[in-house]
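What follows is a structure written as structure tokens; I'll ask about it next.
Labels A, B, C and D are assigned to the chains in the order they are written; within every chain, residues are numbered from 1.
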Amino acid sequence: MAGKIRIRAQLDGDTCEVKALMRHPMETGLRKDQAGEPIPANYIEEVTVTHNDKVVMHGYWGAAVSANPFLGVRFAGGEAGDKVTVSWRGNTGETGEGETTIR
Amino acid sequence: MKITITFVLWLAGCIGFVQAEDMSSALNGGFKAINQVGLDRLEQDTLQAFCSKPREEPGDAAVAAELRQTALASVVLPGNGEYLGSWERGQEVANNGKGLQYSDNPEEANGGNCYACHQLDPAEVAYGNLGPSLTNYGARGQSDVMLEYTWTKLWNTHAYNVCSHMPRFGAQGILTEQQLKDVMAFLFDPDSPVNNQAE
Amino acid sequence: MPNSRIINVAACLVATVMLTGPAHADEAGIFDEYRAMFGDDNPAIFVIEEGEEFWFASQGPKQATLEACDLGLGPGVVDGAYARLPRYFEDVDRVMDVEARLRFCMEELQGRTPEEVDDRPYSLRGDLGTEMEALVAWLAEKSRDLPIAPGQEHDKEREAYSLGEAVFYYRAGPHDFSCATCHGQEGMRIRLQALPDLTTHEGAAVAYSGWPAYRISEGVVRTMGWRMRACFRQQRFPLLDMGSDVTVALQTYLAVTAAGAPMAAPGLKR
Amino acid sequence: MKVEPIGGMARREFLKVGALIAAAVALPGKLWAAATKPDAAFAATDLNATFAALGQTPTESAGIIFTTPDIAENGAVVPIKIEVDEAVLSGVSRLYVMVEKNPNPMAAMFSVVEGSKPYIETRVKVAQTCNLYAVAENEEGFFMVSKETKVTLGGCGG
């Protein structure tokens, strides 16, 4: 179920506001399950936001970002209909990507 | 002291419009034993049955008085006459909400979870209000009467107030005698943050 | 339309709620700033989508979907069905909540075993969600803004209400707790957690309309059935069975007390 | 990059990386290349070590507008927002979020690419009541603002 991303990109004057929710457990590796077994670390390590294929924000995350992460960023120069993507790579090598157009 | 649900409800006649046997079979069919928690937890003692009336309507006054006497008589005062332990340990007991749930480790000491319902150390903002504030409790007096009153309240609250919502920490074995002494110290010790508020 | 009387009652109650203003009994002001920062971004949206996928997925020995499942408004009718539960179902001659009914459909339509369906209905630590949570989230979404209108015409529906009320006040266990211990008075809280008074329409409406909900503390969507189970765990009772008569009765008691208030789930909770 | 215990080394290491990023950022479009993850800073187990790994203890700046809740209903999810007043603090290329008493204080680092706003909203885990730090980096060094978030205990069974 992990991997999905929901993105909203909206113009406010000349600034485009991007809000993204990512489907991910963000396990720290420090928790134990009900049986007392450690739950392996599984978190998003790298996030990239692009506008028409140009990177506008890039981040590195630790496991302290909350489960089902939320990210809000802003950039200038967007126009309605432009493509915005958010993609991530996890510490396990897993990836996720989502796409939307600016409203 | 435990008696079967059916018997208690038979005593009460019925619960609201629900017949005793319906209630009993619904409860026993609706829960499963898990880990250290068995279905015997669903059985009521006389006090619990009396205090389970829908809309918490007060029951028969004579029965209530008898239950109050029984509760009072059940209180076990500390063996050596010492009421006060360590307020530091008592503070931990007051903060700890775990114990006796099927999700809790039965090897670990139970908590008293005092903060769930009471204000104590005023520096702790996360306190509940189901019970009265106990901040500055020590200022209410340190006499033997006060100590015995408070011990009794912790041991079996129904000795003073039948159908109080507070657990019977001593009578039901939720806290040990030492833990009760520690909680007492948390309430009474002049150095406890309950009484000694740093500026 | 069936149960027009209930709808009428519901409409009156909606009017009452509108007159008395929205119920916000569980909104302790101290967390307003915190909650406001979440805006509209509720991860429950993923779970709702997953619920829809589960509904249309062929599963079990019969490789069937749940599309023929009758939630009370006819086979396959999902719009508004959640808000009308719990209700009496003739085919099983008992009152069911959404989880009991879904389990019945999984067994009947898909041929799945009770063991499989009951194995892990609610997420354990480390899970991202379960099929039951997803289906309930999606069905609740399909009743958003509709008035809570549980069945109360059939004898068994009224019996469920009475049993629910009796269970609500039933004190037992080492701590002598009942539901009423925490949820029977207004303006109360545990620690800083506001406790809705579930014996009043306003309190029950706030509580009932907001489940299922995304629990930020756990990162998963929790259902009303889970909330009942978790309450009983904290009451130091044994494990409450999903879909059992006890949980159905309590939810009936709550839903009837909350009747008329609009559903607002899946919400966002602590 | 391994854990760098002392500031000097880490700082040099960091400047090297920083220069690479600066070069990368100046390139248009797809040629933009990601910075190397500052592993030492993410692995640090207290705030001073985190700052040391970055190479400098940030100085307080009024140019960072840091929005956090004073009190959180649950520490598993604490929403935060970092904005930069570009009239006070210009040319910010990086933003960092740190949570003082987490096992690893460094929660996230963001590279602000040219044309983007130095603006981040996210949600982080806060293990216990402590200070949260918003750190901004530009050519002049590191700047910060900190705010306390109280994490409350809840429930009848916890």
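Note that in this section contacts are C-beta pairs under 8 Å (C-beta built on N, C-alpha and C of every residue); 3 or more make two chains touch, one makes a residue touch a chain.
These figures come from a predicted structure and were not determined experimentally.
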| item | value |
| --- | --- |
| Selected pair, greater C-beta contact count between B-D and B-C | B-C |
| Rounded Å distance, chain B centre to chain C centre (Cα mean) | 30 |
| For chain B paired with chain D, centre-to-centre distance based on mean C-alpha positions, whole Å | 47 |
| Computed distance of Cα centres, chain D from chain A, in Å | 17 |
| Numbers and ranges of chain A residues touching at least 2 other chains | 19, 66-67, 70 |
| Chain D, residues touching no fewer than two other chains | 71, 76-79, 81, 152-157 |
| Contacts with 2+ other chains: residues of chain C | 177, 182, 190-193, 216, 219, 233-234 |
| Set of all touching chain pairs, with the criterion as stated earlier | A-C, A-D, B-C, B-D, C-D |
| Of chain D, residues touching chain B in the complex | 71, 150, 152-158 |
| For the chain D and chain A complex, residues of the former touching the latter | 28-30, 32, 34-35, 37-38, 42, 76-79, 81, 99, 102-104, 106-113, 115-117, 119-125 |
| Partner chain C, residues of chain B touching it in the complex | 15-18, 22-23, 26-27, 29-34, 37-39, 41-44, 47-48, 51-56, 100-103, 115-117, 125-130, 165, 167-168, 172-174 |
| Residues on chain D engaged by chain C in the complex (per definition of touch) | 67, 69-74, 76-79, 81, 152-157 |
| Chain A-facing residues of chain C, complex | 41, 43, 45-46, 49-50, 124-126, 128-129, 216, 219 |
